[in-house]
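Residue numbering begins at 1 within each chain, and the chains themselves are lettered A, B, C and D in the order written.
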């Protein structure tokens, strides 16, 4: 089991995720923290990025004169086009997603259950105006859905839970959870396990999370 | 009511159908007799022909050096491309059809019922190998489905019937039937009526067909 | 057959009260700014509007909502940092909201144009957005039944039209345009330029002219609202 | 990521007995002749083959059926003037037939690639091909429930690939290619030429490389079987 003495910084966590993506993969990086993963992909990995508003071969954020209002990503940030890119319409783009053609989708989350249920679209606050965007499509579409998030909320509440308390985005869809303190795998048969820790031991995590944990 | 003294020849019937197509229409002409209609469309009509194997703007049959194995119609006949043509894949082509975007589809038939049910894909012979092609999609797809056929079989049996005896291609889908002896309209509310005759009178047709007939 | 005009006002003149209107665009890209502004001027009301978002800032779709002209929004992401006009109208009960996952929204519109009566999708299964909907387990996977969206009118932005109404788009501004044009009785498209018949390669046409009813040439479209 | 080879034999080497194989083409146009011949050589058996037709003449798909390698055909139009090999095999009970209306066939394959669990279509309602199928009246129109088609392998012919596997097609040879490539676990594509990355305009790519697993360059493909 890989391990470091302290929890990973955001950039190190993004680098860890990037390093786990197989050569030649097609990947969608969700809005927020997952976008950092792109900075750590190497040219040798030949990873093609998908953005659900209709493009494969999305490049880095556009700067200066590169900015083109017709070329944006799902976060509505101007980006550049990589060589070999392709454009397609929204239904074709989500068909690509829903049809299981993307190898990996990396998403942020409010909560993940021990069975891989995901909550990342709504806190369920009674006065909130609901908005889902592509979250539910992304959650269930890729061959593997990975979550990148803090393991604990600001108040210390664990975000990996026995049962979601926030509204679900998708059920049994998450296969990995990357957090600063540990990387968790979720197997549909055998459930949650810990692939590696950074800082706390498995026993310490188990106590803080209120869950029985085991190494992978 | 338009009328001539004798039943229409094939070419005249095709010309009649062609003349009934409104300016600017998008039209699919089925395999067989309906393909003759194309010869009678005028440039002023600006009719765009669809072929369900993935093309709008289909032109006439290709001859000599124009023949290109990658450019064929639904009958697998080499054709030419008109200016302003567009190509698309099979699912998009039938989406165009099924979505009701074509103004008129002209088909051949074995039988049409007085309610506009169509039989044109199978005689139901017990030893026949069934084959349907695009017939069922075409029957129900266009805004108007017109049939071009002989009114009587070789044995004199009328082909407009109270109830189909051949297997159906589609139900309540035919709105007009062009035959050498008469043009029939089928209204979903009021049923079958005769728009014009060529040769026999309505009374004579009524007797030969064994149906009560009325003018439109 | 497509009609051509250089007047956005004329293009939207026939939109009726109570119409369902598909509006293209995802963020700034593909937003038919001039057509939306013309619709605002035109005055029809009680509209059901389908768009990925529900307006932002004070102009365009937000202004349409602010003017009380939208009875219902069908969208995936109404809440944004600057969606204050929709937020206020929604909280005041002045506009209904049908929230649809983005891919399901695109597929429902595609189904509308394609004559599909409805479909099962795994998206949303087991979530609050599946509540009240028919579900079914197909090949071991939970799925939700979704219905097609058809509309009276679509407002779409493309790059170039030929004189038959064939369209090409530009980069990610393509987004909802092709499926929306196909799902509307009357598709109104603003383009930056119009070319003669034969001016577009038949292999690269994205929206065939059969889906296009009115083309408005707007050579220098406004900088769209930014998000 | 797409692999490249100049050997059709190598491209089809991994097809397993019992596999479902989508074969592109409508008539001569888009028929992947060299790939079909390589599959004939390769020897896998008990195949379910999806194609618009069921072979004609004595070569290609007809030869595959004649060699007893096809357990089941899913197609819209098996019976042709020169489909004698299929006809004989079918009458002898050596090959099963699932007859599907052509547009429903294309849409079922599209659904397979798009992750749709099934859909309702008006095509075939009230006909013998709807017998035994779930039906439903939607908005006053009878509709038939149809299931997606997914496959282990697709054999497709395109015009040009770039080194990422992005594809463009030629004229009506496009036909089933794009939906078949998307609906197969392993899409094998023969192209007339391969260009460098950047050699295809991103606006005109019909099949993005994500759908393509193996590309075989066959610069001068055989004159295909004629119907």
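As a working rule, contacts are C-beta pairs under 8 Å (C-beta built on N, C-alpha and C of every residue); 3 or more make two chains touch, one makes a residue touch a chain.
None of these values were measured; they are calculated from a predicted model.
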Ask   = Fewest touch steps from subunit C to subunit D?
value = 1
Cα-centroid distance, subunit B relative to subunit D, in whole angstrom = 29
Remark   = For the pair subunit B and subunit C, the C-alpha centroid-to-centroid distance in angstrom is 35
Ask   = Between subunit A and subunit B, what's the gap in Å when you average each chain's C-alpha atoms?
value = 54
Message = Touching at least two other chains at once: which residues of subunit A meet that condition?
response = 81, 87-88, 95, 97-98, 141
Remark   = Shared-interface residues of subunit C (touching two or more other chains) are 107, 110, 114-116, 121-122, 169-171, 202-203
Ask   = Can you list every touching chain pair?
value = A-C, A-D, B-C, B-D, C-D
Residues of subunit D defined as touching subunit A within the complex = 1, 110, 112-116, 162-164, 166, 182, 197-198, 200, 202-203, 205, 208-211
Message = Under the definition above, what is the set of subunit C residues touching subunit A in their complex?
response = 26-30, 76-80, 83, 86-87, 90-91, 97, 99-104, 106-107, 109-110, 121-129, 142, 169-179, 206, 223-224, 226-227
Task = Sort out for me which residues of subunit B touch subunit C in the complex.
result = 23-24, 26, 46, 48, 50, 56-57, 81, 83-88, 95-102, 141
Subunit C partner contacts - residues on subunit A that touch it in the complex = 51-55, 68-73, 76, 81, 87-91, 93-95, 97-98, 117, 122, 128-137, 140-141, 167-171
Message = For a test of understanding, state which residues of subunit C touch subunit D in their complex under the given definition.
response = 107, 111, 114-122, 136, 138-139, 141, 143, 147, 168-171, 201-204
